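As structure tokens, here come the structures.
In the two complexes below, subunit A is the common chain; its partner is subunit B in one and subunit C in the other.
Our next item is the complex of A and B:
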């Protein structure tokens, strides 16, 4: 099953089993069913609880906050990650603050879902991965969609806890098939699950057992798919063995699974599609360098997009966003 | 440090049996005395940070609160003491909060402008509270409770775009949202003429939201109008707005007031305590004032001893 269908089915299951769940978002109602068709069919079956909204990102985020404060479990679709800037004040100064600011008298478990990333030629304001601006906001969890973890598992966990969440869906995942990590989809690669400490697991992917790997790659979103492909190709063609770690939650980072891998490989590459610097890779590099000071074989390598706008033209876009070769090259270097 | 008693003090909030005229005066005087005490405590260095008093706007707080019932919700702003006290009567909790005590409203985290109690919240980023208030109204609508959500905003708040996004959706979805816009003519240090183009009431009406505008500091007029408007929101289950032309007689926060002295002085003639106070028997008024002063005095004394 492709990811967008799995996600749509997840939202349907949540609506069916939890009357507190409300979906809000621009153009999410039928027959359109959302810009990426994730919610198709849901407004027909749940007309009061699946609401298409005006083009008002700040207000719908804030309305979700009011619903959540009153005990509902709103899930907002922000049509493009680029538009999350319009929700930023609501997330930072309202939603993520309420619990602690009011001395835990209330909870505000809003979930924002948003399609992110390039590769589709949508240009400078419809292609960005802006999640780095939300990393580190106290009491906000940032979770990344993945082909390796059933979204129903992820959303069930998110609904069982009380912190607000930004759930980032890389657009290139939508048409790709979910990978059954325990099944026959990819018999070549070894899949594992480190349940970690944050409630959401980290998936491990490699061609050979961890003890034979000489580099850990920490990646999420479409970057995780590229990294997994690179791991296979490098193993077959160059006998370079990498272990890919795909965390469901990218902030706060669940360090346990990463530490367990880096303790063996003693080398790390991070992969993200946001612009380079001041981001996820920077923080992971700083933390891992501190935790493994003296035992890393080489500095942590971070792969990210160029610090520039994302062009619409395909050939220019490809120059800015990390591609398979850039990731493979970083792994080669780090595996030495 | 002994825990404070947060049971509302009847000397401050009055009792339901008290004649309405007297009770409204008592409650306004309670708000005034509380904030005067707060400003004194700041001057003495016993309070930390900042505060925004509503001296001169007490009639709005008291008049609206008269018509709210348990289950209704109030979302207020940085200038929230009056709204909070009129809604909860919790002077002890608020003063404890402002002195940073763990038994304060929010354990000392919120301070003067981030308050929370059942049916009440305030936050310090102006228009951002509007959609949350609308979301609470949506929750009330979905549950069919018949309750309403009140958003207190000011004229300055109307500069922020999220307000208009919210008004549009509230009207479109017929949410039981009651917006009270206290237009005190000054946005911090900036007069309205430098801040606002077009009409104020028209901003609400443009979204099809029925809007009343009153230019008064008379608590009886506000009480009466609020009663009608709140009943209308409950009856129709859809949003309404009330614009109250009022005036802040104190500075914006603690010591920042560049408004023309003559303008401020002339507005003291319309001090809501003065406007309504003349209706009361002089001796009775004196008794009420004395009771409120004693109530606030003993509270301040209690916290001062603990400090």
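Our next item is the complex of A and C:
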């Protein structure tokens, strides 16, 4: 099953079993069913709880905050990650703060879903990965969509607790098939789950057992797919063995699974599609360098997008965002 | 014949799935007739024929086709349609056969591992392993299946009465150094070399034959063909230690190989199994354990104490009263101040000048003292 359908089914299941769940977003109602068709069919079956809104991200997010304070579980679709800047004040100064500010007499468990990332030629303002600006906001969880973890598992955990969440969906994942990590779909790679401590697991992917791997790759979103493909090709063609770690939650980082891998490989590459610097990879590099001071074989390498706008022309876009070869080359260097 | 193509209306998808055919196979269609329904990640699209003719379907319901790909063909008459259908069916059969062959390629292995297995006749399917089979796995299999003593004809060199017959463990470059040290001494002779690398078996190093792997140690000693062993390997502490323990367990004595240019001071106490290369100096009262490999120009001055299984590069110099633990690995050109203690299992980078003691298990890296190559000025 492709990811967009698995996610749509997840939202349907949540609507069915939890009357507090409400979906809000621009153009999410039928017949349009959302820009990426994730909510297709849901407004027909749940007309009161799946609502198309006016074009104002700040207002939608504010309404969701109010609903959450009143005990609902709003899930907002922000049509493109690029527009989350318009929600930023609601998220930073209101949604993420309420619980702590009022000593948890109230909670504000809003979930924002948003498609992010390039690769489709959508240009400078519809292709960005802006999640780095939300990392480190106290009491906000940032979770990344993945082909390796059933979205129903993820959303069930998110609804079982009361911290607000930004759920980032790389748009290249929508048409890709979910990977049954335990099944026969992919007999090539070894999949594992490290349950960690944040409530959401980290998926481990490698061609050979961890003890034979000489580099850990920490990646999420579409970068995780590219890294997993690179790990397989490098293993077959060059006998370079990498262990890919795909965290469900990218902030706060669940360090346990990462530490267990790096303790063996003693080398780390991070992969993200946000612009380079001041971001996820920088923070991970800083923390891992501190925790493993003196025992890493080489400095942590971070692969990220160029610090520039993302052009609409495909060939220029490919020069700005991390490609398969850039990721493979970083793994090659770090595996030595 | 003209193809019916899926329009690339959806820029978010690379492929689509055939939902259902709207026109019968072989039916006459007109340009605006909708012939097939396809679904992308975003929408269901109706595909028009785009021309007039007899329709031949090229994909089945549920099948995935690329956006912009061909889903059907249009023909002006039935004869050309049938000809093309036969050709298509033939190609499809061939593709299926190829796919079936591909599926029975056997277990997953890296390209190098596959080549190695083919060369040595190793059956990859017989290797039980979680994950990809690598060259290490194949090499292990080659060692496992290797006969214990494939060439009993390989025997040590003879030696005269009263000459110590020495077995050299390891047939690499270290062996050439040990043979060079032993060469000048008529009372001692290297009579055989053992190495686990089968490709060396039957060859010789400086005229001394490589007669097999480690499994021959016990037999050669039991049969009275050797008197003592010495480890020539300097590059791996682990292997040095393994061979020393193996000899100890098998009751095979070890011997020292000390170059005649080395200066061994008064009251030096020396264990067994040490290789001491040219121009080394052990100062008065020094104590040296077993199975150490000291490269050329080492100097451990008076009252130094060395453990066992140490391996050093050339020009390692310790001042007096330095204590060095066991299994210490030292690079080239290292200086150690007096009275310092270097713990067990320490590794020291080349060029280090050691001014303080190093606790056990630590690695000493060099942060300063790198060289910079300055090209000549162009005139």
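Assume the second predicted complex is superposed on the first by the 336 of 336 C-alpha atoms of A that agree within 3 Å, B and C clash if a C-alpha of one lies under 4 Å from a C-alpha of the other, contacts with A are read in each partner's own complex, and residues count from 1 in each chain.
Following the convention adopted for this analysis, contacts are C-beta pairs under 8 Å (C-beta built on N, C-alpha and C of every residue); 3 or more make two chains touch, one makes a residue touch a chain.
Everything numeric in this text was worked out from a predicted model, so none of it was measured.
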Superposition on subunit A - do subunit B and subunit C clash or fit: fit
Touching partner for A:146 - first (subunit B), second (subunit C), both, neither: neither
Following superposition on chain A: angle at subunit A, subunit B versus subunit C, Cα, nearest 10°: 150
Contacts of A:54 with subunit B and subunit C, given as first, second, both or neither: first
Touching partner for A:2 - first (subunit B), second (subunit C), both, neither: second
Subunit B versus subunit C as contact partner of A:249, first or second or both or neither: neither
Subunit A residues touched by each partner, larger count belonging to subunit B or subunit C: B
Touched partner set for A:69, first subunit B, second subunit C, both or neither: first
Partner chain in contact with A:209 - subunit B first, subunit C second, else both or neither: second
Minimum C-alpha spacing, chains overlaid - subunit B and subunit C, in Å: 28
Subunit C residues within the subunit A interface of the complex: 11-15, 40-43, 108, 110-113, 130-132, 134-136, 363
Sites on subunit A touched by subunit B in the complex: 22, 48, 51, 53-54, 56, 58-72, 74, 89-90, 93-94, 97-98, 100-103, 105-106
Subunit C-touching residues of subunit A, taken from the complex the two chains share: 2, 4-5, 36-37, 120-121, 171, 174-175, 187-188, 190, 206-209, 212, 235-237, 239, 241, 294
Subunit B residues touching subunit A - in the complex, by the definition given at the top: 105-107, 109-110, 114-117, 121, 123, 125, 128-140, 142, 149, 161-162, 165-166, 168-169, 172-173
